[in-house]
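Common to both upcoming complexes is chain A, partnered first by chain B, then by chain C.
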Partner chain A sequence: MKTAAETALAEAFAAVRAKLPGDRRIAERRAAAFEAFDALGLPHRRVEEWKYTDLRALIREAKPLAAAPDAQAKRRAKGAGALLAGIGARRITFVDGAFVAELSDLVALEPGLSIAPMAKALAESDPLVASRLGAIVPTDDVAVALNTAFMGDGALVRIDRDARLERPLHLVFAFGSDTASATFTRSLVVAEEGAQATLIESHEGPDGIDYQVNTALELFVGDRAHVDHVKIGIEGARAIHVSTLMASIGAHARLRDLVFTTGGALVRNQLFVRFAGEGATLALNGANLIKGRQHVDNTLVVDHAVPGGFSRELNKSVLDGESRSVFQGKIIVRPGAQKTDGKMMAQALLLSENAEADNKPELEIFADDVQCGHGATAGALDQNLLFYLKARGIPQAEAEALLIQAFVGEAIETLEHEGVKDALMGAAAEWLGSRKQ
Partner chain B sequence: MPMLEVENLHVEIEGRKILEGLSLAVNAGEIHAIMGPNGSGKSTLAYVLAGKQEYEVTQGRVLFEGEDMLAMEPDERAAKGLFLAFQYPLEIPGVTGMNFLRTAINAQRKKRGEPELAIPDFMKRLREVAKRLGIEPEMLRRAVNVGFSGGEKKRNEILQMALLEPKLCVLDETDSGLDIDALKIVADGVNRLRSPDRASIVITHYQRLLNYIVPDVVHVLSKGRIVKTGGKDLALELEARGYTEYQTEAA
Partner chain C sequence: MPAVQETVEQVRRIDVDQYKYGFVTDIESDKAPKGLSEDTVRFISAKKDEPEWMLAWRLDAYRHWLTMREPRWSRVDYPQIDYQDLYYYSAPKRKAGPKSLDEIDPEILKTYAKLGIPLREQEILAGVEREGTYSRVAVDAVFDSVSVATTFKEELKKAGVIFLPISEAIKQHPDLVRKYLGSVVPVTDNFFATLNSAVFSDGSFVYVPEGVRCPMELSTYFRINEKNTGQFERTLIIADKGSYVSYLEGCTAPMRDENQLHAAVVELVALDDAEIKYSTVQNWYPGDAEGRGGIYNFVTKRGDCRGRNSKISWTQVETGSAITWKYPSCILRGDNSRGEFYSIAISNGRQQVDSGTKMLHLGKNSSSRIISKGIAAGKSNNTYRGLVSAHRKATGARNFTNCDSLLIGDHCGAHTVPYIEAKNASTVFEHEATTSKISDAQLFYCRQRGLSAEEAVALIVNGFVKDVLQQLPMEFAVEAQKLISISLEGSVG
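== the complex of A and B ==
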């Protein structure tokens, strides 16, 4: 039997499918993706990958697709991305899931950089979309299927071979509507061989509206390319946010990824990362600072498909109130992926007795000459450390803040860009400030 | 009025009696040594003075410059001028030495109604003191005490003490685990703070440290009470004869 949300999604798809951007082939893919979703329905707790985040139970109703943003929505979204205002990033803004030119900076693109709105690329049958979309890390994940079925706008970014972006690229996703609705954004970023870039996406919206976000990013990191990717989740207090990263890393390339979450009622961050070329390096970090009844699930699958890959996963959760964090980390080492070095660590800092942290590490190793390990810790702030700080004259609240920032900071400091690191530490400090109120 | 007055102090931890009627008065300008066998309550005294939570004071009082110190939070005591050099300094992952010290100094200044120390002034003082104590500036950019040797941790305590300029220093077995060179550096750090308006309590098991930090008064602590008080010669006597007679006496 279908839930109300599933029925609503089917009705919505029937109503909008003809209007969604894309040629016939895209339309066929949408239809196939929706069929795949329809066969399975929303994932529930008996689906292992969704064990701790039962979407069927948590999504009571599916909101209607967001309308194109009007002047008011755009005005409300104007301040979005302010967290990173000081770092000189190039901003590409999407309001209610649609590209907004007047809030975006597309002038004087650096040599080797091209950017197009995804809706336009889909409508115009862009060759990059035809060759890459859905092909970076294919998955049968239900959230991705829904995203493919409904994908509207997003960013299509290409960084040419050996091009080096001095300015970080900041994709700003803001919810500006005053009615609860749903957005499905899809982005594709291709960093060709030897390219270097810092890519940031931020997702935010108002506290008072129970909007829904399903966003996906496909990221191709070519051979020797260096990409830092930061996803900042500062959604409104009632928002449901499901995001998926699908990334492949080429030979001797490097990807450093951070998912930073403080906002949203229900957040699921999925990361599927595949080593496609030998000798690549991956740092996959997560930092959650949550409170109240927030539920944040970081689920990742790191697929060592080739030899000599190096991966480090570090997930840090700070939990207050009755919040709950979920970390599911799977490392796969395929047959032949010898000399793989993979280590995973999940740490939870529980500031309240009613908070809950669930950690589920999984190692699937099919090669015999590898180093893989995982660890997990969960606990309260160390009282002895707090005493040490207080004995030096630091008051309780400040001592706690110092220790919490240090705890989270470990996941942030692997990034390269100082401005981004400072902004995120600032966001952590702000969260600590709000905790006191 | 003495700087510190401990009167008939009784302290328990988890129902176990550790201090049983300890009294002590320390005047400004004095250095007191507290010696005693293991388990006599030396570290408990240090922790109670600094305000560690799990120690329960069941009787007695502690006055610091005439104020009830037991009513103060540990950070208030520090701001008033109390400093405890820990026997086992803690590691603080993710917090650099510099950030820690600056936060501590400014928190104390704030509580005393003084302006914050500007970064250049702070750095200048920090470099000066670090150099004197043989601490590489690089170490201060690292997380506090993480990966430090025992000797480095103790020196780091003295560095904190020198920068915070407390009125009353309590050194809890700062000499344990130190070689003779490190011991001299630590002693030098304490002696530099010697002045008519400051005082120190040096808690130690061995007489060795007192060759370098010469005390005005020596107390013998046994079974939670001070059982003998004398001049600096008492330390030498203890070194020669051990604690046996005090342990039996108190029993």
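== the complex of A and C ==
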């Protein structure tokens, strides 16, 4: 039996499929993806990967596809990305899932950098889309299938061999409409061999509207390339946000990733990362500060498919009110992926009696000469530490704030870009400030 | 260290294909017709001369089982089991209860002689009591599906401890059985437990009265002998207020080409201030090097810390079975109750292990501790799967989990799947897991001092699992240590 949301999605797909961008091949892929979704339906708690985030129960209705942003929507979205205003990033802005040229900065691109809106690339059968889209980390994940079926706009970024971007790229995704609707954005970033870049995504919207976001980013990190990727989730209080990162890392390349979430009613961040070349390094961090009835799920799969990979995962959740955090992390070491070094840590700090933290760190290992481990903790603030600070004259609230900042700071500090780091620590402090009232 | 030296000798003597307990005892047996139907259930119940309520209970289970589907979520792989192609009841034929050695079927005695573990003295098993020379362990032997002998009955009676085959307990202590049977693992719990509820043929029943410390270790020995037979035993242990009991089960089965099914249910109930220590040394036939034959060990084990300050401790050494699929669990219902799980799971050849525990914290200040050591060698897969959860009202719940895996060879897999669910702020949960191989530095150190590669591995592995071995009753710790080395034979070099 189909739920109302599933039926609505099927109807929406039938209605819009002819209008979605892309040539015949893309249309076929959309149809196949939707069929795959349709066969499975929205994932529910009996589906192991979605055990703690039952979309079938949590998504009561599927919102209609967002219309192209009008002048008002664009005006409302103007302030988006303000959190990182001070870092001098090159902004590429999407409002209600569509590229907005007047809010983007595409002039004087550095040598080796090319940027195009995804809708345009799909419509014009861009060769990069044909060769790479959906091929970075192939997955049969339901959320990705849905994204592929409906994908509208997004960023197509290519950084040429050995090009080094001085300015961070900032993809701003804002919701500006005044009616509840759904957006499906899909981006593809290809960092060729030896390229270096900092890529930031931020997702935000108004508190009053129960809009829905399904966003996906495919990230190719070529051999020797260095990419830092930060995803900032500050969606509105009633938003449902499902995001997927699919990244592959080439030989001796480095990917550092941070997912920072404070906003959204229901958030699922999926990260599928595959080691494609030997000797690559990965840092996957997560930081959640949530309250009220927020539900944030960070699910990651790190696939060591080749020898000599090094990965570190650190997930920090701070929970207040009746919020719930979910961490599911899986490290896979394939046969032959010897000398893999993988460590995963998930920590939850429960500030309220009614918060809930669910951790599921997994190891799946098929090679013997490896060093893998994981740890998980859940608990309240350490009374001894609090006492120590209070004994030195620091008031309770301030002492708590200090300890919480130190707790999430660990996940943020690994970033290289000082400006981004400061902005996120500022956002954390702001969250703590709002908690006191 | 004499124990290690002994281990090394064992390893030399025994080849991986020569399963030590792979013999068939040729004894006449009394079987139910093949297949499963209401008639089979009625047949078993009638054989056991059971009261009407017990038959009704079984039939309930059977009817519910018909509506259930076999679970497939675990990381094990096996062909579809044809439940109609099994015998659900097989009992060794015998004249009367064994009162002296002469009355015991000589074939059974021969079996015991070959076994050694965990039964040292055939005489103990046969019911001939003689104190002093051997360890004082009361044994209940379950042969295929029927309990054949229970020892030390008199002495246990003096202490007030009831230690009986469960079929006897149903007749002699119906009130106790009715009160507790199915209260920890409900009839409808899961596919295999429900099947067991319908067709279980025997098992052990233990009741330790209030304030009694059971004067000796209790032990059950399970053996599957008959071909094509499923073994479905049922164990129920109740420790009344302030009592203590330590219980050990050991299992072996003969070498057979086809797979045999073992689906047991164990229920433990600990009331206020009571403590139950349950140890398992499982050495069912693991199949040959190509993965033919072996036991499917699909077991439901659960303990209920029902009273305040109660404690249940599971210790398991799992070296046998083609597939081991079990999660001895603790429901920590009472305030200040404590659950422990110590496990060594070794897989070699083509064995598959998916095992772990569940610690469900419901009572205030309940605490639990999980130490799991998995060792995978050959082409085996070894998975730890565990759940630790704290209910909203379980304030002050505390858990520490440590699961380490050791990989020997590059064709095996070691996996860890923990679920950690904290539903209130005052819980403190800590979990750590590591996976690695035996370090070259350690091996080199041992080799440099003149140990062979196999001796070195045996030494290091025994060190790796020491934390768990220490939890076993002394007599069994030595046996277990040997078993570990035997299981790993052929994995190095």
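General remarks:
The rule is simple: the second predicted complex is superposed on the first by the 437 of 437 C-alpha atoms of A that agree within 3 Å, B and C clash if a C-alpha of one lies under 4 Å from a C-alpha of the other, contacts with A are read in each partner's own complex, and residues count from 1 in each chain.
Keep this in mind: a contact is a pair of C-beta atoms (placed from the backbone, for glycine too) under 8 Å apart; a residue touches a chain by one contact, two chains touch by 3 or more.
What you see is a predicted model, and the numbers here were worked out from it, not measured in a lab.
Once chain A of one complex is fitted onto chain A of the other, the partner contacts of A:Ala305 are absent, as it touches neither chain B nor chain C. Of the two partner chains, chain C is the only one that A:Glu356 touches; chain B does not reach it.
Residue contacts after overlaying the shared chain place A:Ile365 against chain C, while chain B stays out of touching range.
By the touch criterion defined above, A:Ala406 lies against chain B but remains apart from chain C after alignment on the C-alpha atoms of chain A.
Shared-chain residue A:His374: touches chain C; no touch with chain B. Contact comparison for chain A: of chain B and chain C, C touches the greater number of residues.
Of the two partner chains placed around the shared chain by superposition, chain B is the only one that A:Pro395 touches, whereas chain C remains out of contact.
Contact with chain B, but none with chain C, is seen for A:Phe387 once the two complexes are overlaid on the shared chain. In the superposition on chain A, contact of A:Pro335 is made with chain C only, not with chain B. The residues of chain A shared by its contacts with chain B and with chain C come to none at all. Residue ranges of chain A in contact with chain C, taken from their complex: 48, 335-336, 338, 348, 350-380. Interface of chain B with chain A (complex): residues 50-53, 73-75, 77-79, 83-84, 86, 89-90, 92-95, 99-100, 103-105, 107-108, 111, 143, 160, 164. Interface residues of chain A facing chain B in the complex, by the touch rule stated above, are 383-385, 387-396, 398-399, 402-403, 405-407, 409-410.
The touching residues of chain C, counted against chain A in their complex, run 73, 392, 405, 407-437.
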